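We just call them A, B, C and D in the order they show up, numbering each chain from 1.
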Amino acid sequence: MTINLGIIGAGRIGRLHANSLTTRVPGAKLLAVADVFEAAAKSAAEDFGIPDFSADPAEIINSADIDAVVICSSTDSHCHFIIEAARAGVQIFCEKPIAFDLAEIDEALGAVAEAGVQLQIGFNRRFDANHARLKRAIESGEIGEPHTLTIISRDPSPPPIDYIKVSGGLLMDMMIHDFDMARFLLGEVEEIYALGDVKIDPAIGEAGDIDTAKVMLRFENGAFGSIENSRQAVYGYDQRVEAFGSMGAATTGNWHPNAVTISDAASVRRDLPLHFFVERYFESYVTEMIAFVDAIANGKTVPVVGNDGRVPVLMAMAGMRSMRENRPVKLAELEP
Amino acid sequence: MTINLGIIGAGRIGRLHANSLTTRVPGAKLLAVADVFEAAAKSAAEDFGIPDFSADPAEIINSADIDAVVICSSTDSHCHFIIEAARAGVQIFCEKPIAFDLAEIDEALGAVAEAGVQLQIGFNRRFDANHARLKRAIESGEIGEPHTLTIISRDPSPPPIDYIKVSGGLLMDMMIHDFDMARFLLGEVEEIYALGDVKIDPAIGEAGDIDTAKVMLRFENGAFGSIENSRQAVYGYDQRVEAFGSMGAATTGNWHPNAVTISDAASVRRDLPLHFFVERYFESYVTEMIAFVDAIANGKTVPVVGNDGRVPVLMAMAGMRSMRENRPVKLAELEP
Amino acid sequence: MTINLGIIGAGRIGRLHANSLTTRVPGAKLLAVADVFEAAAKSAAEDFGIPDFSADPAEIINSADIDAVVICSSTDSHCHFIIEAARAGVQIFCEKPIAFDLAEIDEALGAVAEAGVQLQIGFNRRFDANHARLKRAIESGEIGEPHTLTIISRDPSPPPIDYIKVSGGLLMDMMIHDFDMARFLLGEVEEIYALGDVKIDPAIGEAGDIDTAKVMLRFENGAFGSIENSRQAVYGYDQRVEAFGSMGAATTGNWHPNAVTISDAASVRRDLPLHFFVERYFESYVTEMIAFVDAIANGKTVPVVGNDGRVPVLMAMAGMRSMRENRPVKLAELEP
Amino acid sequence: MTINLGIIGAGRIGRLHANSLTTRVPGAKLLAVADVFEAAAKSAAEDFGIPDFSADPAEIINSADIDAVVICSSTDSHCHFIIEAARAGVQIFCEKPIAFDLAEIDEALGAVAEAGVQLQIGFNRRFDANHARLKRAIESGEIGEPHTLTIISRDPSPPPIDYIKVSGGLLMDMMIHDFDMARFLLGEVEEIYALGDVKIDPAIGEAGDIDTAKVMLRFENGAFGSIENSRQAVYGYDQRVEAFGSMGAATTGNWHPNAVTISDAASVRRDLPLHFFVERYFESYVTEMIAFVDAIANGKTVPVVGNDGRVPVLMAMAGMRSMRENRPVKLAELEP
């Protein structure tokens, strides 16, 4: 069964999914791309051989030919398009975060539930080979009962200040992936304590954000976790997780562009790790899209559902309150 | 500029190139596939969306629409198709080895030269990220003047005995890649000394072949090399090279499906390396095809020329004579 | 110049220092060993060729021949012997922790100051090659301004419950080494938030202690740190530290008994890391004793002074209060 | 039971053994040291607290107090002292190589046999933790039936030309350790093919030696081996071995002074490996001496016997003939 798809938003991530859908995803047919900047839509259509393009996402959402939409527009428009698509009875893939506001998210999830369509959230890291292996180590009992989780997640360099201003802040924009990873691996979190500061660029602080954070998690099952984020690791994208349990530990390492070691009079060294998320997580973006199309085509539940998009937003809010008030904050405090 | 291609041979490697050409190679348009087993050609055409298929390779070679052919048929037909394609003025990509017979190879290379077309040989490992990095370490002077080269190359398990019988033998079928790698990295070889034996499966010996070999190379520039081949490493595909020189060493490692370490009461371990060449060298097959199409489209010389296909055959012959006579054999002895 | 030493306490750690002092420490002459269990003192004297032994530490402390004492008795007797030794004008090395009580510690440090003798605290891990290299990476600016510190420190198995009952608790007995490491590498800590629980053995909880903890540190210089302790890593002693800064990261790994990798049909693996502190930190115990004797002999300041023994005790107290009250606790709150 | 020992030769290696015997070897009592340069003997006696020293080795050998001698003098005097010691009924440890001449070796081994004393040869690398683990992997069947062996052994820098002139050449002086390792791990070698050249320093060639060699071994059990030696690896001592067999592979790595990885904007790197044999093989020198003293004290056979010193000399001779005649040479050709 072929699934006909449309992409909403032809920026970097929209183009990345367009590439996957046109070359790597069995059963996917990418029919259209929309972007409020028509030139971007047109350019993506040409580059990826997409039959139709438009400046109006509603055209795609309401087209009789479209089975599913992939929402890659700016965060503030996600809920709007989710609701429109749900009402049109179209299956939905939406990039993270759904929104910065719980009420808005709950309205969107309500529309999805009412329409009986599926909504997959773009937490691509779950589909990364390292994290999938870690998950398997935990679920298979290979490391026994999990006791602790340690996540280190660092970007190679900060985004532009203009992006930071609309990003929702480091916890909402960057650590949200790690909050998802924590839930994915060890289940729900009860309480969060967060330290955050500006250490890299004062302009980030002037924009109201932080660039370095270290966060403690208390899981509902009693396990303890920590997450560290930095906007700037000069050696490149640093993405490591360790789960430790009663029978052992599972630890991921970074990927490098090659597996060559150079030994000379100065050191024994490797080239830097893969630079950023496009390189590091390329295959996971493909895999999540394969999983989405497969679920839609075969009537399975999508692997990352709406609530998986909601809870990390709640966690980011709890973390931000914890920093403001310098105390551990329970997620329950944030619930409406 | 778009290059219209046809594939001859729809077996495993033909399908691999079909996949690359239809999804990953800029400027490539795969118009047709031929296989003497028409069902194979048809199936490939359907699976990869190739417009035409045929049981007759000559149809493709002589089609006015075809700019280049990719020869993936059995080794004994390579030269025939090269000559036909050359006479038709079509650009040629041919899998390794060109042939098992020097006279035949020289006739084919002569036809290519006469026709003024290009011929690229499928030594895909040159395009692997590890080997490319090694090459760069050598050419940039990062490890100084090369003194020695050590190649370890082991398959996960032997091919079927029926294949072994027509393979030309371990040196011609398997070590030929390592002979190419030796030349690619350190230049021409003057003399070869080879040890070979049956250690894995007596049936391989009964088929007239060996399954384990260790070979010594004396390069023209004075460097020394060694190559080790085994048809069976129970832990999977083992592909490592070390170049050592006056300023240091460059050493490649294997790639694993994930970068996860599991520590438990028994050991600290990783999952096995990528199992075999399709997994390990997938990207290098894509990259060689990108390089071929780019060269054809832009009038550049292809990166692996006909003589690069001829010399490793000569090296395999020298190695086989060395084993028979238990003495070092100069390549010059084998020249007609 | 030769330093004449006496050891007080002939248990495991006393014997370890006896071995170092009799075989590896230049300028050291071990004259006597005392233990309230005379048999232990006698046995150590025989095994290490120590001329005198006694059941009365005071004999050693007050001997005219003794320049320095090495206090390896139980924690509750440390301050008593420090004060006696100080009054006798003898130089002092004392194992960690000095005591569990601040007032007691301050009295001992007061006696040391008054007597004008030196007191070195046995934080041996500072002398480990990995931690020394980390320190150098930080001090030399190799990783720039430090932003975060991550310490993972796990024992292979819990001590006997009887020991746990008198240990002062996990933070005072085990994490105290990590508190010292944090100060050694990044300076003073301002505030601590701690999570702790019983995950390994309920008997540990019944003894009033925890076996798993994850602690967050806010350093005075603004850096963030985390420490994780577990009483049981089934794969052995796990001792890793990562310092991350504006110019890079320095990360220590574990040491294994050999550098051999075994690849078989199941995995690519190494033998387990060195099992526990005696194996892992053997050389650091020798090195700290060399440093102590060198400082005493040459009139230098010892490398780990009395206050270095006091502050980690304060940190352990802050951590314990944090766990009880589930809030970040400033060290200043604990000061008398 | 205490073994009273004397050392003959107070150079670097003699002092190294003196250190082991006075601090690390249970049951050993080092009574005397002799060196034809009396000042060297005196200095060693003082530095290690050895009661007697002498300029005349015969004094030690013939002393009634001496149970065993450790011969660390220059190679040309080894056989002389072995014979003297055998005649005096003294147990013997002798550094490698025994001699450069087979007739001389056979005379010495004859004297040892006749006297019924034991002779241990100083092939310390057998006692290295990596090589011992490799041996265990082979003997336990962990890697199945061995098919190949690959040894890479490189020094950090060439010895002085004056030493090279009396060294017996690279194969006799340096590769002799690797020949022993090959026998230790896979048993007897039948045939050798060797390539050797001067690549590092022309002065080495002028002194009649080579500085780079790559050698092929055919074992009696049918396995194949290769050994590579270089007098100069600019990154330090490079000592690696891989045994490959029907069930897997065992591969040793180098040891580094610390297990710290530094990641910065340029690379992910480690400090250079341990620089040379004193650092790298320190513990193996201790362990071989412990094994020697234990064997002597307890009437066990020493772990490396006279024939283990003879065969590698034969292998070096076969290798040298192979290089001269550019053909594989059987060891049997060299037997008298």
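One rule holds for everything that comes next: a residue touches a chain if its C-beta (ideal position, glycine included) is under 8 Å from a C-beta of that chain, and two chains touch if they have at least 3 such contacts.
What you see is a predicted model, and the numbers here were worked out from it, not measured in a lab.
*Asks:* Is the number of contacting C-beta pairs greater for B-C or for A-C?
*Replies:* When A-C is set beside B-C, the one with more contacts is A-C.
*Asks:* Counting only C-alpha atoms to place each centre, which chain is farthest from chain D?
*Replies:* It is A.
*Asks:* Starting from the mean Cα coordinates of chain A and chain C, work out the distance between those two points in Å.
*Replies:* 42
*Asks:* With chain centres taken as the means of their Cα atoms, state the distance from chain A to chain B in Å.
*Replies:* The computed centroid separation for chain A versus chain B comes out at 39 Å.
*Asks:* State, to the nearest whole Å, the distance from the C-alpha centre of chain B to the C-alpha centre of chain C.
*Replies:* It comes to 58 Å between the two C-alpha centres.
*Asks:* What residues in chain B touch two or more of the other chains?
*Replies:* 233-235, 238, 247-249, 263-265, 271, in rising order.
*Asks:* Would you pull the chain B residues touching chain D in the complex into a rising list?
*Replies:* 144-145, 147-148, 150, 152, 154, 193, 195, 197, 199-200, 212-214, 216, 218, 222, 224-226, 228, 230, 232-235, 238, 242, 244, 246-249, 326-328
*Asks:* Provide the residue numbers of chain A that touch chain B in the complex, in ascending order.
*Replies:* 23-24, 129-130, 132-134, 137, 142-143, 247-255, 257-265, 271
*Asks:* Any idea which chain A residues touch chain D in the complex?
*Replies:* So the residues of chain A touching chain D come out as 233-235, 238, 256, 263-273.
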